[in-house]
């Protein structure tokens, strides 16, 4: 496969000495800690699918020569204590070389220090909160922090609609939604757009009409929504029901095939920014979407894509270091530069955060297309 | 269904030990859950259906985190400070909330948890808000993660000791009594409201402690850590383990914490074809919950109680009431003598008991009206009248279970209407009930020892320190109670569960319990109901003997033989009004009385 | 207070409509809950899971099977009754036979709920689902032309259903023979047994009715919120509990009135209090607190004897 070869080429080996060390073991265990049950399992399940697909491809293509990746999957139940427990188990009992996960930032703040202390590299594929990678030099992520996505999206919106006033809705008791809203607020201020109203809802709410009505009464030019996928759909529909026709800019939660599938015409015209979308023209991505559809019979979302790329990033680090040693993998991860992934050309910056493209998208005729 | 309780406990302990050896991180979780379970137990055991533990744990967790990070307190100061913060909050919200009953309290305390959660979100400067207390909000993991499992284990062991020692003191007994029958507990001189407040306070402090340890064990926090489901889980530990014994919740938490982990580890990677079925452990967990609770409906600890009681009651059941017992029943105990002596010495000037113009209505219906009469010390008064005449209402008014809607009740020269029942009981008025109100699950002996509540001076602190004085007092109370039981012909039944006794025996236990209060006035509400003629006659002699030792008695009875033989004076009620008063001879000749009451017989 | 908004009558009317329909949502959920609660005195924590399963049954029939709304509603109600019946036999009756503590049945209902939610997750996944527009047109009406007060068909439906169900259930409980038996059992199972009432069959009927109400609620709530997920029951459970208590345990009318009250309070807090949407949950419970302090048995609560 040409995609695989390009990854090989893209890796810059810093020292040949590392590569010429002892051969890789026959199986290399990689821990996968995701939220697989409960309300938040939509993300975890999606990520797991992406990772398992990647593992199959890596093993089939002999990317690591004769050695095979073996995934050890665990459910963190979106619970801090469970996250710590499974991290410890994977590190001590399963002797994994690296861990991908956990799904939520809250779990990561509790569990990642365990790996950091044990010297096990962790790659988050869905944790976007501020401070995740600051927990230590073993903590990486391939999910773009909100601050890397939102300003670009807003700039594109300004270019097209020239809005003066914006209104914002977010989930007050949800870490992800809250920090996304904070980034939006800061970016709006920087771009001189007046935030005329902010409303929130909390977990368990399903009727958002009053908040939307109140926002609508302030006559904003654009409406910014920060919700997780679950609430994104009813929020969108109720916004349209109320008669809100101004452009809607959605946060990361709105970038999911499920939003289009369920919100249908209410999703039309929605604008989101993301490092990945289903109709991305990146070659690796096209191959990924095709393989994913073939294996699972449905469309992948951004999280599946990030999970898929996540395992490739780890595999390439193993290849690069020529070792299944945890510290060696960590060192090699730090050197990932310009790797060809579904997210486009991918690198880590000096803070172990991802450097990759982010594109503004809009929904047109039931599809995410580039927003121009 | 018989399950060997020690086997259950052994399995739980072994499973937990296995887990902790295998994954020491789970030890923290286990200990914290056990602590939270104790917190739920503290309220549940006092008959409070509170779901506030999660809310208090959140306060404890955030307070300790804030004290550690923002104030730079060392962890061994910040944790106690967090517990104090919880105590303060508990005192403020406990006052209004504890008035609520059962599920109303439950939902209100759930609401409390929700308010705490919203407050955490609304104070981002202090708590990190919705983003949580973690590195991104200035709560660094290294500075937060301060406790080791051993300190947690030590704290839990200390708590267990406190519970164990309290359970073997008057505090534990009072709480058990309240759990079984708060009304009867109140009339035995137990300040039920104070004990409930204390239990709520203790629960809050323990939850706060567990929360603080949680914060320092995990190293980060967010508002979702102690949400609604958590509150229900915590109560679940206590119920599942059993709310009757302090070690119940610990077993419950041990079981319920270990089960999902064992299921996870057992199923995780071993069953290949189920690897995409991530919900399987949860489903099996639910099934196990349902199965176990059917086999141990009172919780795991209840299995122990049942067995313990079998042991105690084995020989006692064989005992039959014989003539000797009946004779013994008639012989008055020294307890009454003691109380008489005490009563006389404490007796001041003024009236003994005086009712003037006392009335009570229920939703507009007058149960008693304009009732006035005086009682003198050391005499027996009979209170008779047709059903619904207001006799029991009168006893409830005098014993303080009900406040009168009108009139004055003077006792030893002080007005006591509206005074709380436990204070009236302590001032020397004891009672029995028409419908027996024993503490059914407690032993006969313990029932009687409850009567000593007011006299045992050693409080909680003495119990915790196991001071010799406290042990002496306890032993003395037991000895006295046994003596009292012996004189009532009940000594062979001392170890039996009170609810298992025959009707007549239960009545006698009630009388023994009332006498244990060493009253100067004894209110007997139909004491002979359910007794045969011999027993009734013996009861009459017993009452007269009590009088001889200085105890005044007000007896409500339908057995006219008893009334006529024992009473010095009779008050006749009809439709809530006094229609006659006088000596048995005079009353039995009274026309109105004959018409209203005796005439019907 | 947000004065500019306060002066706007359309905005106020809009909030009343939205508040009442939000309240109706809580009310229809709480009705079945409070019935089982009031009669059996147990917290059936599997009611939320029953409600969720009914929404999925409706979704299967209407979205996947293409059935019309009335058929879906009936199917969901039957499903709800069947699930509740199963719960009675599997989770509650064995414990009642053992003479277990009331709280024990709470544990077994937690177990049942865990199983039901997990199975739903395994079968349906956790992605949000919704009814197609063909089931009920989502386009709202505007009273007084464009810019007037908006009300959607789902809102009309849930408002009407909450009142209708409340009246029907109230009549059933008060007038019918079975209703009287239910009330007797609610007052005292022992006394009812002495009166010759077959307590177990009365409880079965209670579960059937309560389950059917959960079924109706599942469909109505899903129509109003466009959000069918395995966790939808947990989301409404806490509010449902609050409404049950607000209305007085076992009080059908109280549940609906309590629902309306909670819905209005939440909506008006969001609408008129600055930062109101952040504190609405706390406000709702503060009001519950205060009401219970004044009326410890709920706004329409009476003594235990009059319950259900």
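For clarity, chains are labelled A, B and C in written order, and residue numbers in each chain start from 1.
Methods note: contacts are C-beta pairs under 8 Å (C-beta built on N, C-alpha and C of every residue); 3 or more make two chains touch, one makes a residue touch a chain.
Quantities reported herein were computed from a predicted structural model and do not represent experimental measurements.
Peer 1: Which chain would you call central, comparing Cα centres to the global Cα centre?
Peer 2: Answer for the innermost chain: C.
Peer 1: Weigh B-C against A-B on C-beta contact pairs and write down the one with more.
Peer 2: B-C is joined by more C-beta pairs in contact.
Peer 1: Would you kindly tell me how far, in whole Å, the mean C-alpha position of chain C lies from that of chain B?
Peer 2: Chain centroid spacing, chain B to chain C, equals 35 Å.
Peer 1: Find the geometric centre of each of chain A and chain B from their Cα atoms only, then give the gap between the two centres in Å, rounded to an integer.
Peer 2: Their C-alpha centroids are separated by 54 Å.
Peer 1: At least two partner chains per residue is the criterion; list those residues in chain B.
Peer 2: 117-118, 121, 278-279, 282
Peer 1: Please list all residues of chain C that touch 2 or more other chains.
Peer 2: In chain C, residues 118, 121, 234, 238, 278, 281 touch at least two other chains, as defined above.
Peer 1: Would you pick out the residues of chain A that each touch at least 2 other chains?
Peer 2: 37, 41, 45, 172, 202-203
Peer 1: Where on chain C is chain B touching in the complex?
Peer 2: Spelled out, the residues of chain C in touch with chain B are 37, 43, 45, 90-91, 94-95, 98-101, 103-104, 106-108, 110-115, 117-119, 121-122, 234, 237-238, 241-242, 244-245, 249, 278-279, 281-282, 285-286, 288-289, 292-293, 296-298.
Peer 1: Along chain A, where are the residues that touch chain B in the complex?
Peer 2: The contact residues of chain A facing chain B are 36-37, 41, 45, 72-75, 80-81, 84-89, 92-93, 106, 109-110, 113-114, 129-132, 134-135, 171-175, 177-179, 202-203.
Peer 1: Could you list, by residue number, the parts of chain B that touch chain A in their complex?
Peer 2: 22-26, 28-29, 32, 117-118, 121, 129-132, 134-137, 141, 145, 218-220, 222-225, 227, 261, 264-265, 268-269, 275, 278-279, 281-282
Peer 1: Using the touch definition up top, name the residues of chain B that touch chain C in the complex.
Peer 2: Listed in rising order, the residues of chain B that touch chain C are 44, 49, 96-97, 99-101, 103-104, 106-108, 110-112, 114-115, 117-119, 121-122, 228-229, 232, 235-236, 239-240, 243, 277-279, 282-283, 285-290, 293-294, 297-299.
Peer 1: Touching residues of chain A toward chain C in the complex: what are they?
Peer 2: That would be residues 37-42, 45, 172, 199-207, 209-211, 213-214, 217, 229-231, 233-234, 237-238, 241-243, 258, 262, 264 of chain A.
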